[in-house]
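The same subunit A turns up in both complexes below, where it pairs with subunit B and then with subunit C.
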Partner chain A sequence: MKTRPIIPWLYLFAASVLILFFLVYPTINTLFISFKDSKSIEFIGFKNYLYVFTNDATKLAIRNNLLWMIVFPVITVSLGLLLAVLVDKVRYEKILKSVIFLPMAISFVGAGVVWRFMYAFRPVEVGQIGFLNWIVVTAGGKPLDWLSRGPWINNIALVIIGVWIWTGFCMTVFSAAYKGLSSEILEAGKIDGANEWHLFWKIVVPMLMPTISTVTVTMLVFSLKVFDIIYITTNGLFDTEVLANRMYKELFLYWNLGRASAIATILLVASIAIMSISVFHRSSQVT
Partner chain B sequence: MKRLFAFGLLFVFLVGVISGCAPKPEVSPDDEPAPDVGDQQIEILGPWGGLEQEALEKVIAPFEESTGIKVNYTGTRDVSVVLSRARSGNPPDFYISPLPSVTTELAKDNVLVALDSFMDMDKLNNAYAADWLGLASENNHLYGIFGPVSIKSIVWYSPVYFEQKGYSVPNTWDEMLALTEQMAADGVAPWSIAMGSGDATGWVGTDWIEDIMLRTVGPEVYDQWVDHDIPWTDQRVKDAWEIFGEIGLNEDYVFGGTSAELSIDFGDGADALYTDPPNAYMHRQALFLYDFIRNHFPDLIPGKDIDFFMLPSINPNFGTPALSAGEMLIMFRDTPANQEFMNYWADVEAQVAIAVHFGRLSANKLVPSSTYDDPLLQKGAELLSTADSVRFDGSDLMPSSIGAGSFWKGVVDYVNGKDLDSVLNTIEEDSKDAY
Partner chain C sequence: MNVIKKKINRLFLHSFLIFIGVVWLLPTFGVLITSFRTAADVARTGWWTIFTDPLSIKLTLAGYIKVLTHGNMGRAFINSLIVTIPSTILPILLASLAAMAFAWMKFPLRTALLAGTISLVSVPLQATVIPILTLYNKIGLTGKFYGIWMAHTGYGLPLIIYFLYNFFKEIPHELLDSASIDGASTLQIFSHIILPLSIPALASITIFQFLWVWNDLFIALLFLGGNPNAAPLTVTLSTLVGSRGQGWELLTSAAFISSSIPIIVFFSLQRYFVRGIMAGSIKA
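Moving on to the complex of A and B:
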């Protein structure tokens, strides 16, 4: 019998040590801390988790995360797919795609600052500095406080910032996959008398399904991690807080290590759950 | 099977390596090498940047010249930097603590130097009011000396527009409400309220409620409230919120309504008062706003075009109390150079420099009133020293999850239309958990 090669293990050794030290150890440590009190001294069981699921503020943050997880992927994925198919049909495809992709090149904090100006509110008596309210006032309307008008207007306004950033990414991925579709199938469909609508729903969407599910998962995970946009615009006031913002406050403002770690663990578990669904989904497709 | 075993062995080995080099949190601060006596440096961390940092450097300069000790200041708004450095045994020499709650928190962790161990307490007691020393004390030890302080209970107005309209400065809360009513009837919003403050939005509203608490229930109950000895659901607390609500929730009384109240940045709060024509007549905000007003309206003359009056009394039994705020210097390392700097900071000479360069007030009683060459600063100093009682900004004394969390959020929610009882219940629930 051949002996098991030892060389691969030696090659992997350095990387394994690094991963264990920088990834596995902190994760396990966070898990430990999440069962301890605010100063990480005594074990208090599941109290931190109980707090996250019973406190009004954290329950609201969970609600907002769910809202993000529903609205954000739906808009980015459908808009991205639509744009990918549409830009393929126009002459200035490259320029259009670059423009739509551009927000991706701006940092999230930068995007937050930009949109804070877009949504800026001033009383009607003084000049508007916000673009949206300038349009509203020029059209003869009353300025609207987009970011403090809850519970839906401001949350949707924040989701739109995320959409602005990420739609270009979705479009680029879909566009690449769309161009990878063999033209024979589309032409065969056309010869059989299918119109554009049928082609899109009966051929393009089913064939792009693996890409769609991967992008959707990416967007879902982003909705769980969203932080910068909200930190810059409302800092979670006006009922817009999400779990990541709550975690930041618990850690850096309230110095409650236990609760911050509990929220981190919950977010991690949720992300892993979502990602593993997609992995299972894909492996079941392969077999 | 063999592969699993090999992997298991590797895992056990690695766990051993990791746990062997895991950082040991218990590092004694005494292990730090003592700084050289010949070429000395002092490191100060603090929340100030920009203009305030320049002011601090001007205050420090004479000390550096006379002692030859170099002082390095680094500004950071991130309190957690200081906390984590202090707890891991590597603190800076000094920190300019923005909140008394931070000072007491650090004092309880036994990482601060008690100033009474080397300073002349008789001299300090002579120079500083007991209130100011008390705010910097924990367990009968003094841990900090205040730098620039500010009076918060003042209402900015324009004497010019008041005269034009025939309005007079109110002496009681009822007079103020009557004036408010009259201004609204004349067609201009009486008040400008500006709560916007980025990630700190809400503190302006908490100041209003603190000022009203001081005026309706007096300093003793105020202290109980700050210490959470009376609940947030107490009728007296609820009354204070409602008194604020009479003005703050009235769309006709506030310029731009509650939407503007929540959106306009606090630094722009007085802009509505000094434009031509004005969009509002009164604005309650601390003395530090003076810097903003002079910046935005450099042509206006202090005392003639710009002025303020004390937020009037509500219950005559408690007179006219003042709400105050300020930052204090606290010390982590006990070295001769640090002792020297702390003594310098507390001394009249440095405190005069603080008042002059920061354009605020000094907590040191020995600072002569002639130091304040500006009529409004002089007035502020006088109002602070003649107030019937002085209390520190309560939200700065509460645990940060309340004072910089639930309380801020509660005020914002209240102004944004949430039911007061549910707002107070939420803060009470959070308080039970935080104290």
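Moving on to the complex of A and C:
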């Protein structure tokens, strides 16, 4: 399309100004602030980074983010893939997919409330109002304070909230890709006598690999930046701290701009690393 | 023999899927029931009493009425609308103009600028908020609605530009060429050809941006957090959760009020909803 040379810039103008102001400038500025003191006055070198990697509270946050980044993608991606293949075989596919996708509509804050209620704990004498403890007690066990029992029970309990929210997303993406596979290949596999299990591992999984890696990256990035779920349930207490929540505390509880920026920069670098690995991975597959 | 084996397999399949369905629905269902129970009942028994002892159940709207009037949820609902509507319309308007330039106009550095814009999708919001917040505090923009409108617009732009660019460039260029020959201006081509043809894409990305802003907690806490009169639903709900002594009948009602609009959108526009979420999932 032919236009006068000035026209494209007019179309780009407003968007460019806002992108420069809200994304480009502050990202670069955050890098600088991360090398300055708490009030952002003097440069103090790598001290803020040293703090993040040596302080107990932030080390714990890093550990928990790593736990999230391992457990969360594994469960959401494998369960989502399994469900995508299985729902294809039944007539109530549509309604089941809606049910599993529904948590995506509720905000993470709403989901936090929903699961605080699931995990609610009361002493044995007064009777349980949290569903999980009701099951435990009915089965003859002792009620458990799921969200304060560290280090593993509560962290896994929090990851499960994320799984409940995101599995529907994974399933829906995989389902679309699975339906796009040519039925001839699957039929040919069946005629060759491969059972469902073989078909799944030898044909479905390899053919869906590009989709699997994209979805895995999305899940990794989410677990890197997980904030709402933690903020609303434990706020990082009982050893459940994560980096994004810690950064919020450095900012509004301790008013330390330097440390908050150092955490932000670590999230930035990790996020870019994860995404570029996936881009590299994808382009190497194409060629 | 084979038939029996097949039947058993089907049985396993159905049991597994129905089990998953029940597990996924159960938490929300429990909250929904609880939101209609009386404070006294909620403190005494679990929501499953509706199945184990259905005759003892009394339903009430008291929880909803109380959070709407005393719990600030009514005000918060209005605030969420005030925050969300401009924060949805503005970025989509500006992004569609930019996407038009990237898709159909020639100018120097086009590819580099497009690649730069797309790469910004990978920047986490955390890496941008501190300088913006410092600046907002200086010029008195924190706690103001137009401050958060601009922030959501800026943050939303790269992804929306990318999404609309992909859609715009698939429009057959013969359509644009013939309009151009007939003497249509760029703006006419944009508003009379590109936009009408892109309605499905615009619907998906509008729903995504709407839900993203509606469900956002982080930006709202940072930019509106200090002002309870401007707090949207997510912030007010998180304050309710944090304050001690709130009964579950209130928290569950509040959770449903804050999720009501997204759930309505989900069930009424499911196709666009799912597509929008897919499109936006890479957002940082």
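By definition in this document, the second predicted complex is superposed on the first by the 270 of 287 C-alpha atoms of A that agree within 3 Å, B and C clash if a C-alpha of one lies under 4 Å from a C-alpha of the other, contacts with A are read in each partner's own complex, and residues count from 1 in each chain.
Simple rule for what comes next: a contact is a pair of C-beta atoms (placed from the backbone, for glycine too) under 8 Å apart; a residue touches a chain by one contact, two chains touch by 3 or more.
All figures in this text were calculated on a predicted structure; none of them were measured in a lab.
Contacts of A:W9 after superposition: both subunit B and subunit C are touched.
Of the two partner chains placed around the shared chain by superposition, subunit C is the only one that A:K89 touches, whereas subunit B remains out of contact. The wider contact with subunit A, measured as residues touched, comes from C rather than the other of subunit B and subunit C. Once the two complexes are laid over each other on the shared chain, residue contacts for A:F21 go to subunit B and to subunit C alike. Contacts of A:E125 after superposition: subunit B is touched, whereas subunit C is not reached. Within the superposed three-chain model, A:G150 lies in touch with subunit B and out of touch with subunit C [touch as defined at top].
In the superposed pair of complexes, A:Y231 makes contact with subunit B and with subunit C alike. Applying the stated contact rule after C-alpha superposition, one finds that A:S78 touches neither subunit B nor subunit C. Taken together, the two complexes place residues 9, 16, 21, 25, 120, 231, 235, 251-252 of subunit A in contact with subunit B and also with subunit C. By the touch rule above, subunit C contacts subunit A in their complex via residues 13-14, 16-17, 20-21, 24-28, 30-31, 34, 42-48, 94-95, 97-98, 100-101, 104-107, 110, 113, 117, 120, 122-124, 126-134, 150-151, 153-155, 157-158, 161, 173, 176-177, 180, 186, 189, 211, 214-215, 217-218, 221, 225, 233-234, 237-238, 241-242, 248, 251-252, 254-255, 258-259, 262-263, 265-266, 270, 273-274, 277-278, 281-282, 284.
By the touch criterion given at the top, residues 4, 9, 13, 16-17, 20-21, 25, 51, 55-57, 120-126, 143-145, 147-150, 231, 235, 237-239, 249, 251-256 of subunit A touch subunit B in their complex. Of all the residues in subunit A, the ones that touch subunit C in their complex are 1-3, 5, 7-9, 11-12, 14-16, 18-19, 21-27, 29-30, 33, 40, 83, 86-87, 89-90, 92, 96, 98-110, 112-118, 120, 127-131, 134, 164, 167-169, 172-173, 218, 221, 224-225, 227-228, 231-232, 235, 244, 247-248, 251-252, 257, 260-261, 263-265, 267-268, 271-272, 275-276.
Subunit B contributes residues 2-3, 6, 10, 14-15, 17-18, 22, 78-80, 83, 198-199, 201-202, 255-257, 259-260, 262-264, 272, 279, 399-401, 404-406, 408-409, 412-413, 416, 426, 429-430, 433-434 to its touches with subunit A in the complex.
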